[in-house]
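Please find the structures below.
First chain A sits with chain B, and in the next complex the same chain sits with chain C.
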Partner chain A sequence: MSKTHFDREHHVKKATDVGDPQCFKGEAGPAKFKVGDRVRVRDLPSLFYSRTMVYTRGAECTIAELVYESPPAEDEAWDNCDNPEWFYSVIFHQKDLWPEYPEAYADDTLETELSERWLEAV
Partner chain B sequence: MAEKHKAAPMVDEISDFEVLEIAVRELAIEKGLFTAEDHQLWSEYMETVGPLPAARLVAKAWLDPEFKKLAVTDGVKASLEVGINWITDMPSHFGTPSDYCNLRVMEDTPTLKHVVVCTLCSCYPRPILGQSPEWYRTPNYRRRIVRWPRQVLSEFGLTLPEEVEVRVEDSNQKSRFIVLPVRPEGTEGWSEDQLAEIVTRDCLIGVAVPKPGKTATDKRPVHPAINPVDH
Partner chain C sequence: MTPERKKVMQHINIGCQLQPALHVPQHAPFPDLIDNAHFRAYTRAVHDVGGEPDVPIQWEEKEEEVWEHNTFITCEVLAWRGVWNAEERRRRQNVDVGQTQYLGLSYYGRWLLTAARILVDKQYITNSELSDKMHEVKKRYE
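Let's look at the complex of A and B:
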């Protein structure tokens, strides 16, 4: 990014009357995963900023929905909207997040959203 | 007037974050980004936003299967029918970082119960639900609901049987969530207004389920003080 003049209002101009994440629709290219795919959350380094919770790292989950396209939080925190990604709603079994989760409630789940860079096929 | 009852200050210190907010606000006013009047208008506006539109949305969905389908697939579009425009209205407007414009309505079934949290800090569907309750923002709730959801729900008075799957929604990206609870028994033939009354804020976050007779405007219990102040 060798912009000589950085437009601090670029996001406002883009999102006004369109909405965010709606304003990034169609910018992420083809999605890598589809509903029903089993994936694992990557344990990437997250310097400075991330929204990928530590408790999800390394755990396996299922893609429940392709929710929207958006720059990942790690980029957006620095006002970088150059590389939007697909965001997925994923569902974990609580057992896979917390080993001590009671067996009696083995069906309990947790759903959250992650961007594509954080997921790898199992 | 008895000397022994010396009033203690209600708040004896403010947090670092409050200091930071005041500093940033005053700088912004000095720099001309907004005026003190703008700030007051906004603050007052935010206090008028509440959970009634979301309660109305749930009541409509209970009565109209077509509307329910729309709510579950496109929460932003469904919100228009209860007077909330996520895209153009305050407080979300063009998508300030704390209020993105993607609403997901999570439908409970007799065997599936959703409950919403933001472990990141306090993501909350403010345009349709107003300001989040204080407990929603506490580390206590945020840490424990993802790990021990059944215990935390029990503390709210909601004990769920084994055969009901509890699904925690950790809302920390750009979607905001409300829960569409199961319509309770004993509400047959009710009007939309009657139904909307029993859909309280807690039902919409998912820490309670609607019950006939239980509304947000219930009378609060009042107990006489044990050691009343003499005045």
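Let's look at the complex of A and C:
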């Protein structure tokens, strides 16, 4: 259902003197994962918009840090801030992402941020 | 043919070169010719190119031009005034433009196009006002 009245100052009212994503602190509820957890990136449909890179879908990674709470990009891209969730910094092994990654560099990693809806426990 | 019509014909000819192709040309296929994999490919967010096979391109450093700075500032001001947020701007600049414009226009070209688009989409200006203004400004340089 569309909102009857859209307040285009809703974000500035919330974030002024606080900052973004600090203004969403405490709104996501308890975090589902903790540092060190092994998780897999869900291959959810991403019709219209997503920032969860296709090359990470279905790959396993480790939670490195709980970084902040914020609306997922898929909602924020329509200026919807109703459902903030936890964002995690996650670490992949490069060879888990690229099938032809040379064995000689097996320790190489890639770190990026993903929101909670994209992660499931392994 | 008038110079204006020549321009129109040129536009039509360039437009038809921008057909998406899967090595064989695709044009308005019947629904049963699109399997799930191709539906996903066609409807993907086109900015999500990390990992897609492609040929190497040469890295070139380029200083920003005045119109590019002005475009950047215009887009930031639109954010400060609550017209959009950074994620909505990215969605419109990088995905909503479609693959042809995403790959075919310059970086700040997409920013500028999208700044105009958001103002029309959210009814701060009308499309006809934009059209009249563009025409008026164009005339100054003729």
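One rule holds for everything that comes next: the second predicted complex is superposed on the first by the 119 of 122 C-alpha atoms of A that agree within 3 Å, B and C clash if a C-alpha of one lies under 4 Å from a C-alpha of the other, contacts with A are read in each partner's own complex, and residues count from 1 in each chain.
FYI, contacts are C-beta pairs under 8 Å (C-beta built on N, C-alpha and C of every residue); 3 or more make two chains touch, one makes a residue touch a chain.
Computed from a prediction, not measured in an experiment: that's the story for all the values here.
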item: First, second, both or neither for A:D37, with chain B first and chain C second; value: neither
item: First (chain B), second (chain C), both or neither touched by A:A73; value: both
item: Partner chain in contact with A:M53 - chain B first, chain C second, else both or neither; value: both
item: Which of chain B and chain C A:E111 touches, first, second, both or neither; value: first
item: Touching partner for A:F87 - first (chain B), second (chain C), both, neither; value: first
item: Touched partner set for A:G19, first chain B, second chain C, both or neither; value: first
item: Larger contact residue set on chain A - chain B or chain C; value: B
item: Common ground on chain A, meaning residues reached by chain C in one complex and by chain B in the other; value: 11-12, 53, 55, 73, 97-98
item: For the chain B and chain A complex, residues of the former touching the latter; value: 76, 86-88, 92-95, 100-102, 104, 119-120, 146-147, 149-150, 162, 165-175
item: Chain C to chain A touching residues, read off their complex; value: 43-45, 48, 50-51, 80-85, 87-88, 90-91, 95
item: Residues of chain A that touch chain C when the two form their complex; value: 8-12, 46-50, 53-55, 73, 76-79, 97-98
item: Of chain A, residues touching chain B in the complex; value: 11-12, 15-23, 51, 53, 55, 67-68, 70, 73, 87, 89, 91, 94, 97-98, 104-105, 107-115
